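Which chain is which? They are A, B, C and D, in the order written, and residues in each are numbered from 1.
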Amino acid sequence: MSVKPSFRVAILGATGMVGQWLVHLLDHHPWFRVVALTGSDRSVGRPYGEACRWLLGAPMPEWAAQMIVRPTEPELDAEIVISALPSEIAREVEPRFAAAGYLVASNASAYRMAEDVPLVMPDVNFDHIGLIARQRATRNWSGTLLTNPNCTTTAAVLPLKALMPYGVRRVHLVSLQALSGAGYPGVPSLEIVDNILPYIPGEEEKLEREPRKLLGRFVDGAVEEAGLVISAQTNRVPTLDGHLVCISVELEEAISPEETMRAMRGYRPPEEVADLPSAVAQPIVVRTEPDRPQPRLDRMAGDGMSVVVGRVQRCPVFTLKFVALTHNTIRGAAGAALFNAEAALRWMGKV
Amino acid sequence: MSVKPSFRVAILGATGMVGQWLVHLLDHHPWFRVVALTGSDRSVGRPYGEACRWLLGAPMPEWAAQMIVRPTEPELDAEIVISALPSEIAREVEPRFAAAGYLVASNASAYRMAEDVPLVMPDVNFDHIGLIARQRATRNWSGTLLTNPNCTTTAAVLPLKALMPYGVRRVHLVSLQALSGAGYPGVPSLEIVDNILPYIPGEEEKLEREPRKLLGRFVDGAVEEAGLVISAQTNRVPTLDGHLVCISVELEEAISPEETMRAMRGYRPPEEVADLPSAVAQPIVVRTEPDRPQPRLDRMAGDGMSVVVGRVQRCPVFTLKFVALTHNTIRGAAGAALFNAEAALRWMGKV
Amino acid sequence: MSVKPSFRVAILGATGMVGQWLVHLLDHHPWFRVVALTGSDRSVGRPYGEACRWLLGAPMPEWAAQMIVRPTEPELDAEIVISALPSEIAREVEPRFAAAGYLVASNASAYRMAEDVPLVMPDVNFDHIGLIARQRATRNWSGTLLTNPNCTTTAAVLPLKALMPYGVRRVHLVSLQALSGAGYPGVPSLEIVDNILPYIPGEEEKLEREPRKLLGRFVDGAVEEAGLVISAQTNRVPTLDGHLVCISVELEEAISPEETMRAMRGYRPPEEVADLPSAVAQPIVVRTEPDRPQPRLDRMAGDGMSVVVGRVQRCPVFTLKFVALTHNTIRGAAGAALFNAEAALRWMGKV
Amino acid sequence: MSVKPSFRVAILGATGMVGQWLVHLLDHHPWFRVVALTGSDRSVGRPYGEACRWLLGAPMPEWAAQMIVRPTEPELDAEIVISALPSEIAREVEPRFAAAGYLVASNASAYRMAEDVPLVMPDVNFDHIGLIARQRATRNWSGTLLTNPNCTTTAAVLPLKALMPYGVRRVHLVSLQALSGAGYPGVPSLEIVDNILPYIPGEEEKLEREPRKLLGRFVDGAVEEAGLVISAQTNRVPTLDGHLVCISVELEEAISPEETMRAMRGYRPPEEVADLPSAVAQPIVVRTEPDRPQPRLDRMAGDGMSVVVGRVQRCPVFTLKFVALTHNTIRGAAGAALFNAEAALRWMGKV
């Protein structure tokens, strides 16, 4: 009988919204054991239970409540760090962790588009982890840095991946994004009750760029971006969790809504990742009721790791249109980073 | 000094959401005096103040509260009827009013696409009222029926009208629509708190068809639909009033965001309607802040009759993208029908 | 080793809000197996998955989705029926089920105050189930009917029970009740977004009466109501689940907030119910943070079966004040009825 | 014909929520002309239109948008200052303004309970302004400071004032308070969507103390506090404006709900204030529908200056219970301070 893998994990930026979800998801992870939680100066030295304004419906795990918050410095007795740091801090800190030998799975946007940093959803482009070879060669790090995409990107990329065989040319995205995506304190209630904010700083740029890398080909040790063109408009709406994206796609090969749904339902993760703890059997769940997916009802599909697609129709101006939903703080952030850490271990042959 | 015009007006379907807005807007109308409010069997014979579950923040006018609700039959001592009837009832009732000599300005969808019924926004296509000549010839009515478009359509059509000189080819629309658009009782709260409904029955079809008629040319006594193609995705969100629409447009002539804003700001209603009570000097208000328009802050622009446009940008897949907001129950319904009644009187030379 | 108990259960009124929670809670119940779901004429004969507009975040269990909805008639192959019927229907139907030999655990208000019907929260007044003897004697039923209180009552009664040793004289209650308490479609969204409804029909009367019976003494085969006097004001607020109640209590013996918290924390269910599947070790969870309990964060305490108390303070006009939270559709409805069914089986010696 | 009064007014802390309401209410004030807007260092020197994140549905007046924000120093060319400062800043700044000769009408809590500072609602205790004589004697100020109560206090005090002739002994208050009461950014949306916060720092203390001063008697140049005892529990709910308060009152003389409503409806402001611009003919509006007042529908009664009372019933534990609503940012803050400035001018004989 095989020995169960066991790794010591630290969460960087553990008091924020994504950090809280990481604590929650790591409460019963089969491989990972949390040994350190880090936070800003305001939190360092205090028990996590005091330093953190916990906002999840599920209670804070007892082990976390009593852990003393550490500074975000590469002196943690861990092998893996999951980074939920703000991007500007991540830019400075994450390379120091990678240089110091840690496996860094980051949710921050700082290095997503760097040429030698894998931007990965394991069930989409596991092979891109191969960029690590290049990273090691150029950066002289003993550790590794890999990143997951922006939360909203995840809603688009899984269905687009399933459509790539039909030639994705142009994509139009309009998002309706949940409040948790803005972190805490994030959006003031006076701005969002009986209201919509038609703007999320920096978000449209990410949505227009990241899918090209994620859907690109890994050739000769580098990523060749996919040729598709994307236009994105992003909105903040008063939901707690779950980003909904209205998507229209122009394909080279015109396929019917039925074939589209078949392709999405049939989409399977690469073999290497199928048995990872965070993998789901069905990455894309397709619903046929006229009014699904809905954030509150569908965000927990696949324990928050499946993207739910519905309303697949012909599009009068492109080929197809549909609606996709992602749990922004699980598949789109905390769960994404964990999945990446697991996938990197697999790629390294450690599990 | 000229005599002030004065007309007796009845509101059909006065107890519903749109009917309430009509009562509110007609409280101080310079030309129109409400002489009758009609309702369903449940309401007939009761004072409006009792029969109607009033939902507006502004109080119900005293004259309305005491008016006894009448049946929706063409036996009202009025010259003009404004119809806020549900479409299935409108289909049967409105022709009987038009046949009986009333000027019927309808918000219902039943006859919007009929070849001899004007579908009008006076500051967009005042000349389409000319269809009345054809209507009289074919229907043998002594009265008249004209209609206003679906609420969401109004958000799209005004900005598109301003862009018509540049050749509008393809349009992609995603809407975030307010609760009042579904009437009362409408959307159950359990379906929309912490949620989005990505579907509004019949709405996408209307959005894809109505603008073609509204933006068409009136030639030889008929409307020639505009050749543009539209794709629409509609969503219900938890706002009270104000439909927000994310719009991408492909133009024949590529213009810059700056020129676009200039064209929209400079758009003026036809001379014939500029002095009507419901006309606004600036039908399209353009905002340049990154996060506007917002439903709660901008829906009352031009007393609810201006469409507010913002976030005008180049679109990577089409030519331009922007966000437009309409007050769905004023510009999109009650105010639209009043504006049409005024415009029809102007066309008839009565004012 | 003992044989695991096993009972066939039917849910009456399974398509409504409380019915859905029953389906959810019975998905993995150790003793109960659902064999029938009943509904109104509109639903009968259709698969539950089609007939029911499912509103829970957790997905509908597959076995339920495929079950054909039955009429609510006492011809079901079950021993136990859990009733989530509306009160006016329950009034007529439940006695027929009890007469036909079923054990009926009802959430409806129809018979709660009847002299020979137990109104029970097993961890408060298990002994009241003894009223069944009287019920059998007077009604000539081969089965049994017992009821659980109004959802909001449950928030008040558990803490009051813990305070009974100090002599509860007068109680002032103000509730902030969630939308799910009104069922589906229930409260229209137009009435509750950016709003409060300061009235819930019939609710205040229930809150002022039911606790007197629940906290009464079972003497000589009858319930002697407790002498306390209650004043209640009830409000509907825009939360999904979780009724919050602000409570002030006048005690005969003035105790401190600290002693109050000790008494509540130390409160334990009667021995007979402590090992029932729906029992919780700590029926009253006391929190000391200044801003708890909060509905979204605390409603799932004890899997929704614990009442959470916080803000325990001296009251300037009475003795003590505090805030209590109950999960209205679990502890206050579906879970309450299940707990009662389990307790009745225990009382009957069947488990 | 008399000359219209005209005064130069400055708003201290003009960029916050209450400051914005002051700008809005002063847009067309018959006596007051705004000559200066002050703000914090972050805002000073910038046009108000840029420095202020405007959150009201009504648009920012053009004159305000272009005014350059000034530091909060007593060097403003104004006779009257209306203070919307945070309490800790008010404590230091307001005395300096009063010393420098300004008439200071403050919404801050800093000096409300000071023995020589009037705490005033002009239609409740106009005569308390007489404390100014004492203030001048003791403080050696050439100007004057008077304050209005906490927003929630206003909902309670007007109805209690109407009941004082019947001997108010004990009062129990539970509030459901709107988001605007917490200012901006105030309550994070993640804390209040699908949630209630059962705690507002410092609020209960204010509610338990301020009414005693407001309802006290002005005797021999001093205020003798009223003898009533109050218990308050306060909650934050997801409404934008309008604090709802559930009130139970113990009276010396038991009166019926009908007499209560008569007393409240008949309550009239003292003669001296009846013609002030901010006075309303009917300070207490009583509604008899079972489900009123509601924040969204009733907060604008009397242009936001009337308190709306409903659900007047006998109370089983006290004498009476009812629900009262105040527009927290108008009657409870901005409008209250303006009303006080007007009343102080009247007391001084300047108008």
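Following the convention adopted for this analysis, a contact is a pair of C-beta atoms (placed from the backbone, for glycine too) under 8 Å apart; a residue touches a chain by one contact, two chains touch by 3 or more.
Given the structure is predicted, the values throughout are model-derived calculations rather than measurements.
Of all chains in the assembly, those touching chain A and also chain D are B, C. Placing every chain at the mean of its C-alpha atoms, the farthest one from chain B is found to be C.
The chain pair with the larger count of C-beta pairs in contact, out of B-C and A-C, is B-C. We define each chain's centre as the mean of its Cα atoms; on that basis chain C and chain D are separated by 42 Å. Averaging Cα coordinates per chain places chain A and chain C 40 Å apart.
Spacing of chain B relative to chain C, judged by their CA centroids, is 48 angstrom. In chain D, the residues that reach two or more other chains under the touch definition are 55, 193-194, 238-240, 296-297.
Considering their complex, residues 170-172, 174, 176, 191, 194-199, 201, 208, 229-231, 233, 235, 237-240, 244, 246, 248, 250, 290-297, 310-311, 315-318, 321, 323 of chain C touch chain D. Per the touch definition, chain A reaches chain C in the complex via residues 54-59, 193-194, 296-297, 299-301.
Those residues of chain C lying in contact with chain B across their complex are 17, 55, 179-180, 184-194, 238-240.
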